[in-house]
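Going by the order they are written in, the chains are A, B, C and D; count residues from 1 in each one.
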Amino acid sequence: MRVCADTDEAVAGVEDGATVLVGGFGMAGMPVPLIDALIRHGATDLTVVSNNAGNGDTGLAALLAAGRVRTMICSFPRQSDSWVFDRLYREGRIELEVVPQGNLAERMRAAGAGIGAFFCPTGVGTPLAEGKEVREIDGRTYLLEYPIKGDLALIGAHRADRAGNLVYRRTARNFGPVMATAATTVVAQVSEVVETGEIDPEVVVTPGIYVDRVVRVTT
Amino acid sequence: MRVCADTDEAVAGVEDGATVLVGGFGMAGMPVPLIDALIRHGATDLTVVSNNAGNGDTGLAALLAAGRVRTMICSFPRQSDSWVFDRLYREGRIELEVVPQGNLAERMRAAGAGIGAFFCPTGVGTPLAEGKEVREIDGRTYLLEYPIKGDLALIGAHRADRAGNLVYRRTARNFGPVMATAATTVVAQVSEVVETGEIDPEVVVTPGIYVDRVVRVTT
Amino acid sequence: MNEHLDRGPRSKDELAADVARDIPHGAFVNLGIGQPTTVADHLPVGSGVVLHTENGMLGMGPLAHGGPHDPIDPDLTNAGKVPVTALPGASYFHHADSFAMMRGGHLDVCVLGAFQVSATGDLANWHTGEPDAIPAVGGAMDLAIGAKQVFVMMTLFAKDGSAKLVPGCTYPLTGVGCVDRVYTDVATFEVGPQGARVLETFGTSYDDLLARLDVPLGR
Amino acid sequence: MNEHLDRGPRSKDELAADVARDIPHGAFVNLGIGQPTTVADHLPVGSGVVLHTENGMLGMGPLAHGGPHDPIDPDLTNAGKVPVTALPGASYFHHADSFAMMRGGHLDVCVLGAFQVSATGDLANWHTGEPDAIPAVGGAMDLAIGAKQVFVMMTLFAKDGSAKLVPGCTYPLTGVGCVDRVYTDVATFEVGPQGARVLETFGTSYDDLLARLDVPLGR
């Protein structure tokens, strides 16, 4: 675990073609400063996994607009202010895999938990079931779902200690704790870094074992 | 959610033949007063799911000694003070399903999370793989594991509010939060019941939705 | 069956009030984005209903308006990304836990909007099937199959006059056989394996509905 | 390969010290019950090693002896159910999360005891295969397959003189191809797909080992 001096150091080393998990639900927990650093870094041909596909012209939308993303894996790309994604999609310049929101979370959890695949009831009989293995278990029908693993995760948390333990704020927690388990390199932006021992062990949400780099940002 | 007057009220209604999930790892988190109430209640022909199979002559061991348990599902029945289980087992008076500790937890998690089955790498190539479906995924071999669901869960937590939100103490947390998701009726014994709103929403470990009955015990 | 012929169709407000009335005391409920959200305004004081929002919270309170008691906090939003408040007894959790709660059948009621519902309870509410539409599912499929009971709120007829309670959905499905009740401006229906049954009408008669709908209707 | 012929076999203490020396700075480590536990006593001050105990804790400290700074708390034990302490930066989590951490490959090193290890890294350490033994696996199978590296500590020969590094295990397996290194009183071996290789000997020569073991030995 390293406390980085700035966001550029925090995203250093990401390679072209990487799969990047980006936390947040709308703007809550969205690590915009880390995404900005990723844009400056220049890595391209990325697969981005995030609940939405960018809002307005900043953050994830700016990464998309810069042409760095080959594939977007998300549950809900279509929003009132997702014009950047909409344009790229209609121009055939970005691939889209739509995943039900709970499956997005559970597939990343599986990656982090060493589960090879799991039978899930969500989406049975819908267009999103196409091509998936179907099985009836105990009278209910399930689809086989596979893990989603990241090379890099960028998450927004509230407070970190120097051991990398994280706590979040309210519903900004959302995808952060799951993504932190599912990527090879995990980078957390936080509002505050405290000394090791200053976070009560009972309330740690993401244990430091999952976190590689922490950077303090002012928001 | 109901705050019960005593442990007898807390375990009322359990039926013969029920599957009972019993929390605890050794004595940490072991809900002995609830087990004592279950003994007084008299339900028999039970399947008990717990990490161990009783220690000494009290708690789970006393339930076994009373002849109430048909099947024990656990990871580690054999301990220096598990003489009650040992005797019943050698006399052929109890059935045993041994489950690796992580699978025990993950199979209950699956029951609580609506997962139909999952491919797990634990136990591949061992005697505990016998009869299980095997599959290679992405170069690694997995076994298909099914959920374990309870009719009743008896867990030991630290503090509850009147909405059933629970927090635990240190490593006494162990199986409690998982079992709370996996049973139809969940009963928690706690050291303290506080008013709703007195537990910080950020630190709730088991949300009240999972808890049906709470009873305060003095230990 | 109750035919209310001495009045017109239900207003949106009346519809929301009637759905609220049918939610059991103390139920755990998820209200979908849009019209279902308005059900919250009609829950009586002391209903004990606890609202779940899939972005990671139980115990959601009313919308935040920026006053001294309901400050706007960008880290506290509902699934529609609108700032909300938290009630005493609330808890926060991450996305995998939130959807495990839903998928595992722990919510009592989920209220959703719909494009179409079939007589056997199939739901179509995520995609109009237009070839150039950008697909976006969000949590719709997870919500559809998770709760113990799924209520749909919609107008019974589309703007072009076509019925939205249909023998089989022509729009892409969200879930199969998942809807239990359909609350519309002119009638409330029970749907499921036995087909559709009229529970109540408003400003229309059972015979009118029979004539206008293409599905057999019990009463 | 280093042959230390000017000395006798390693004592248990020396063995534990040598294992401790090979644990990288800052590693996340699980020490199995029994002899592996003693490795903790040999980790140098400032090693930055973080100990995981599968009953739900990272940052485990030394055993509690009941003094003013290490009170005995029945809610804080290690996997052997012995009271321990917590270090600054510790965190607690439930059993499903704890084993997800292990199974997901997040621990750097796991140190285990063994009855037998095969040249290709198969591990037998949970069951002696005696027909009347009560099977008890605990977390052994989960530990065997979870960590990035698995170290085994054992004597090279059983009391009856039979070798414990074998061409194929005759005892029931705990895991297949999971062991990376075997630390014994008389030698340290690397094992794996390429077979066994001697890294170091103590009070014996490579040729002696070749003569006494039934497996080809690289050097």
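The rule is short, and it goes like this: contacts are C-beta pairs under 8 Å (C-beta built on N, C-alpha and C of every residue); 3 or more make two chains touch, one makes a residue touch a chain.
In this text, all values refer to a predicted model and were calculated from it rather than measured experimentally.
Asker: Spell out the chains that contact subunit A while also contacting subunit D.
Answerer: Touches both subunit A and subunit D: B.
Asker: Distance between subunit B and subunit D based on Cα centroids, please, to the nearest Å.
Answerer: Distance between chain centres: 29 Å.
Asker: Can you give the whole-Å distance between the Cα centres of subunit C and subunit D?
Answerer: 55
Asker: Quick one: report the Å distance separating subunit B from subunit C, using the average Cα coordinate of each chain.
Answerer: Measuring from centre to centre gives 35 Å for this pair.
Asker: Going through subunit A residue by residue, note those that touch at least 2 other chains and give them in order.
Answerer: Touching at least two other chains: 106, 109, 113-115, 120-121, 168-170, 201-202.
Asker: Multi-chain contacts only, two chains or more: what residues does subunit D have there?
Answerer: Expected reply: 57, 86, 92-93, 100, 102-103, 146.
Asker: Between which chains is there touch?
Answerer: Final set of chain pairs in contact is A-B, A-C, A-D, B-C, B-D.
Asker: Could you please specify the touching residues of subunit D with respect to subunit B in the complex?
Answerer: Result: residues 53-57, 73-77, 81, 86, 92-96, 98-100, 102-103, 122, 127, 132-142, 145-146, 172-176 of subunit D touch subunit B.
Asker: Flag every residue of subunit C that touches subunit B in the complex, lowest number first.
Answerer: Per the touch definition, subunit C meets subunit B at residues 26, 28, 50, 52, 57-59, 86, 88-93, 100-107, 146.
Asker: Going by the contact rule set out above, which residues of subunit B touch subunit C in the complex?
Answerer: Against subunit C, the touching part of subunit B is residues 1, 109, 111-115, 161-163, 165, 181, 196-197, 201-202, 204, 207-210.
Asker: Which residues, counting only subunit A, touch subunit C once they are in their complex?
Answerer: The touching residues are 25-29, 75-79, 85-86, 89-90, 96, 98-106, 108-109, 120-128, 168-178, 205.
Asker: Using the touch definition from the top, list the residues of subunit A that touch subunit B in their complex.
Answerer: Subunit A reaches subunit B through residues 106, 110, 113-121, 135, 137-138, 140, 142, 146, 167-170, 201-203.
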